[in-house]
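Letters A, B, C and D mark the chains as written, and numbering starts fresh at 1 in each.
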Amino acid sequence: MKRIAVFTSGGDSPGMNACIRAVVRTAIYHGIEVYGIRKGYNGMISGDFYKMESSSVSNTIQKGGTILKSARSKEFMTREGRERAFEQLKKYEIDGLVAIGGNGTFTGASMFSEEFGIPIVGAPGTIDNDLYGTDYTIGYDTAVNTALDAIDKIRDTADSHERVFFVEVMGRDSGYIAMPCAIGGGAEIVMIPETITSIEQVIDTLRNGWERSKTSFIIVIAEGDEEGNATQIAAQVKEALPQMDARVTILGHVQRGGAPTAADRLLASQIGIATVEGLINGKSDVMAGIVNSRLVYTPFKDTINKKKIINQRFVRMVEILSI
Amino acid sequence: MKRIAVFTSGGDSPGMNACIRAVVRTAIYHGIEVYGIRKGYNGMISGDFYKMESSSVSNTIQKGGTILKSARSKEFMTREGRERAFEQLKKYEIDGLVAIGGNGTFTGASMFSEEFGIPIVGAPGTIDNDLYGTDYTIGYDTAVNTALDAIDKIRDTADSHERVFFVEVMGRDSGYIAMPCAIGGGAEIVMIPETITSIEQVIDTLRNGWERSKTSFIIVIAEGDEEGNATQIAAQVKEALPQMDARVTILGHVQRGGAPTAADRLLASQIGIATVEGLINGKSDVMAGIVNSRLVYTPFKDTINKKKIINQRFVRMVEILSI
Amino acid sequence: MKRIAVFTSGGDSPGMNACIRAVVRTAIYHGIEVYGIRKGYNGMISGDFYKMESSSVSNTIQKGGTILKSARSKEFMTREGRERAFEQLKKYEIDGLVAIGGNGTFTGASMFSEEFGIPIVGAPGTIDNDLYGTDYTIGYDTAVNTALDAIDKIRDTADSHERVFFVEVMGRDSGYIAMPCAIGGGAEIVMIPETITSIEQVIDTLRNGWERSKTSFIIVIAEGDEEGNATQIAAQVKEALPQMDARVTILGHVQRGGAPTAADRLLASQIGIATVEGLINGKSDVMAGIVNSRLVYTPFKDTINKKKIINQRFVRMVEILSI
Amino acid sequence: MKRIAVFTSGGDSPGMNACIRAVVRTAIYHGIEVYGIRKGYNGMISGDFYKMESSSVSNTIQKGGTILKSARSKEFMTREGRERAFEQLKKYEIDGLVAIGGNGTFTGASMFSEEFGIPIVGAPGTIDNDLYGTDYTIGYDTAVNTALDAIDKIRDTADSHERVFFVEVMGRDSGYIAMPCAIGGGAEIVMIPETITSIEQVIDTLRNGWERSKTSFIIVIAEGDEEGNATQIAAQVKEALPQMDARVTILGHVQRGGAPTAADRLLASQIGIATVEGLINGKSDVMAGIVNSRLVYTPFKDTINKKKIINQRFVRMVEILSI
């Protein structure tokens, strides 16, 4: 392994820069040259490469976003696109790739590696924490803390007024972000895709609370909940309980930004080192992750197909703590 | 003046507790007893009073919300309601009132003071900064910083993707919150009630940017904008420019919470002192404010009827700085 | 088990309130009465007990410090003190205790439990993360993030000036706080009690950097480092390298405060539940902790005597990442 | 005016980048070319110039530090140094300068402008707020909020323990930072250079508090206080009151960093515009500032020689609010 390249793909997440930094410095530490590819697979196809030095990643560990930019690429989904990408890698004499992203990124990487024999090791960069093969994904801890900080602020004002607050958080098809936000934010109700909470149940809980003169509620809703988004759910609740003043907060992309937390910087740094040392040791078609504090390499096909299940302990916790 | 009472009314704002604290300690400093009234005019009517000591406000200066709770009162809008409130004040031998709130609060206070001759001095507690008679209202600086922090996080991710972000901020019928958020957040477009920005103008700006390959935009929208809310505006833009990926953030009540900034604590403390010393000096039917670093008392009728106009310098600044 | 009591002891840490809240609500959930004891063992001796309800812990999960106050008790170190404490427990008919604190707290608890047969389960509440039997202690994640935030701010200014910054962080006799701060803060040097870094090595590194015209450095020092505190180390460096402008930051108790992070709230909530359910299931003389995402009860004598060793992976990471 | 240059000098402050951004974009808006000079007067002497475009300042408004770097220059204090600097300006055909910094910066600028006839307009960039001619300096509001956030965290823990906390904040020879920190942080004592507070007074206050069983105190000390620094004062207090547990926090350069607050971004943007438009309108040897919400140009000799006096209202406020 003489020269590797690194890129970020899909939705960005806080800590991606800390991961890129670790990749670059670990490569240099081991005497390997390293290139950055801008804008994910699109930049790989168009040849948007540049040589990175240790100083290229100075003062980036604390920055949100990704200095390599990111994108979703339709062209890479075609055989022609991947051929063009491989031509670029040959031109730049790249022996191995580090792919930082989520499931979509690894699906592309897996095909690419199989078709063209280029070694690829992945790093789990997504706020959604929905990847099998790692306890936490890079950016997840930051996103949860950002959402929780917003809920804390809402709670300040909730106490003064008789209101129901609906807070929609991210997480694609999972409640990984919603669950700790609900527990840590002291929410009364959490609605996540993994469990069924009907609008009727929500209305019942609110009505019962109202009758016991509890008049302020926080409801955390995962964006992928089966009952719809926060605006839709709030509208149905307002119709059933017109006496309650319902307000909606949609945090949106606020959750993707911000300086990464300490945990995300450490995780990103460890995984960044592991991707490069994995490539050196002949690994490919795998994602580096941390499971039970240990470094683990999981085949892409498992990270893509196996489902990580939210700890049932958390579901029970909401029941106990909202007493 | 032997005994006064203090209450908060209307929407809460960060710094209300710092103001209550200053009222309580200034009263005690001058040998005056002080009562807290819970839940605004509702509590005044129902007699929800309690004696406050210096220690009642210990460790509250940094807290969001209001320890006295707040509410909007329909009953106080009636002559009967106000009579019942006055009965309570007589019962507790209250000689003067400090009312912390916004325009609605002062409208009620003005009527009440006129009808029953009870001296009332107001403190401008609202995040909206829409009160004539003070350069800044208590909570405004905090709300702006909270919204700006959210926009900073969006900007982190905006740089990596080709996207249009619509961020809806509070401010009722004014652009006071939206304007500094747009300038401080480096937004490309700001939509406020005070100026007309049509959907067509927005679409033109985005299309022109897109054609110059500028593909990431932040648009700050004041909740009271004449073109509708962020969700509605985003929908129209998506229809006209389907190639652009538009995302919506609605901060909502997040902006009302959080620890008050240094500026809000100082302002709240100064104004809290001024309300009590105003009562001592025979003032009534006025709001205490700070204009050009000087303490000013403005008649309630002026704070209610006169309009504070957003500095035109700021409108020009957006034009220059978004070059 | 009909009635338990909970107290905090030793240095406070962010998340203690979240743990108290979980203890209170879990007890009530299981039909057990719960008392709070104020000021640790001192309050146990003096009988500073009060009955807690679900509402006693409303709106506390996000608060730093401890609503039960904390203290170090000399009297409890004596047999007489402990006898008086036990009398109080008998008087209040307490069947079991939850002790939230660190090593000193558990040493007292272990003696007390042995002597008087009262069941006690501990919760690891300390920012130092130096307790065997749990991967993380309650408050550790918050303290690290607070220190890291300070280092980020120093880095902003470090880049503009030719300066050496010495930042002293907490951690008693361990480098658990210093290490992630150094890695996450991109520090050039870390000085922790577990490894020997001589002043000469520091001076050499700085001199070599200076000669390669690297002129800005951040050095993170654990308060318990064998070479002295930050002020002492900085003085020695200044003497050897008078051309360098050295500045000292001592964060001190800033690291103990602040709203707990999401991770600390979750950890504290899980452990709080586990302490009560441990008591119910007949456990005593043990601390509840989370190891590899699983709940573990460790005998007090092990948490006190066994040493948790900092992951050697981290020491190597500093070497690679500071390239 | 065809081409101007901008530089930052002296200690950096949050908001300097927002000011540079406004200078660059205002110049371009008016059809003027703009150069950046790196490392203050040192870079002016050595010719470290580069042409800036609108995109040079993209995504910088929220960043702490200064993208132009800063330095203190001994060489510029000599006639020879200034001659060399002027040669560079001639070479680059610079018609006017914007100097962002404090008193030292303006002293140099004033000499330079007089000797060589080059128009210079200054912007007040310092966290110390000690410049005559502006209500607030760029960076002051951010520094105060940073220090206050630290004091809030200390207060969380102060409530649980019997302790005296000494917190040293910046501010050179003035109490501008210490005063709002003390008021906003609810400190019991503030020690600033402008007023005499002897160690004996501090000890008396603590002893009296102790005797009334008030056992937790926060003392804010300005770094330039006549009684010494926090470590020295704490040592004297410990000697006199050995029963009290005294802890020291020295925030140091933490106060110089961080994302600027909304107020600092607005101030920096307004002043940045004003410096360029001042140069266009023939101003020189003046600093742009905001006094009572209005733009004011003050001769350098006044900003250097006249003293801005801390509002006496604040001194009285501490007395009232610490009751």
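A few points about this structure:
Here is the rule we go by: a contact is a pair of C-beta atoms (placed from the backbone, for glycine too) under 8 Å apart; a residue touches a chain by one contact, two chains touch by 3 or more.
Protein names from UniProt, one per chain: A, B, C, D = ATP-dependent 6-phosphofructokinase.
Quick caveat, the model's predicted, so the values are computed rather than measured.
Counting only chains that touch, the fewest steps needed to get from chain A to chain D is 2. Centroid analysis (C-alpha atoms only) places C farthest from chain B. Computed centre separation for the pair chain B/chain C is 39 angstrom, with centres defined by C-alpha atoms.
Between the Cα centres of chain C and chain D there is a gap of 35 Å. Rounded to a whole number, the gap between the C-alpha centres of chain B and chain D is 29 angstrom.
Along chain C, residues 152, 155, 159 each make contact with two or more other chains. Interchain contacts close the chains into one ring where each touches exactly two others, per the touch definition above.
Two chains count as a pair here when they touch; such pairs are A-B, A-C, B-D, C-D. For chain C in complex with chain A, the residues that touch the partner chain are 18, 21-22, 25-26, 28-29, 54, 58-59, 61-62, 135, 141, 144-145, 148, 152, 155, 159, 180-181, 183-186, 259, 261-263, 265-266, 269-270, 273, 292-293, 311, 313, 317, 320-321, 323. By the touch criterion stated above, chain D contacts chain C in their complex at residues 8, 11-12, 14, 63-66, 69-71, 146, 150, 152-163, 165, 231, 247-258.
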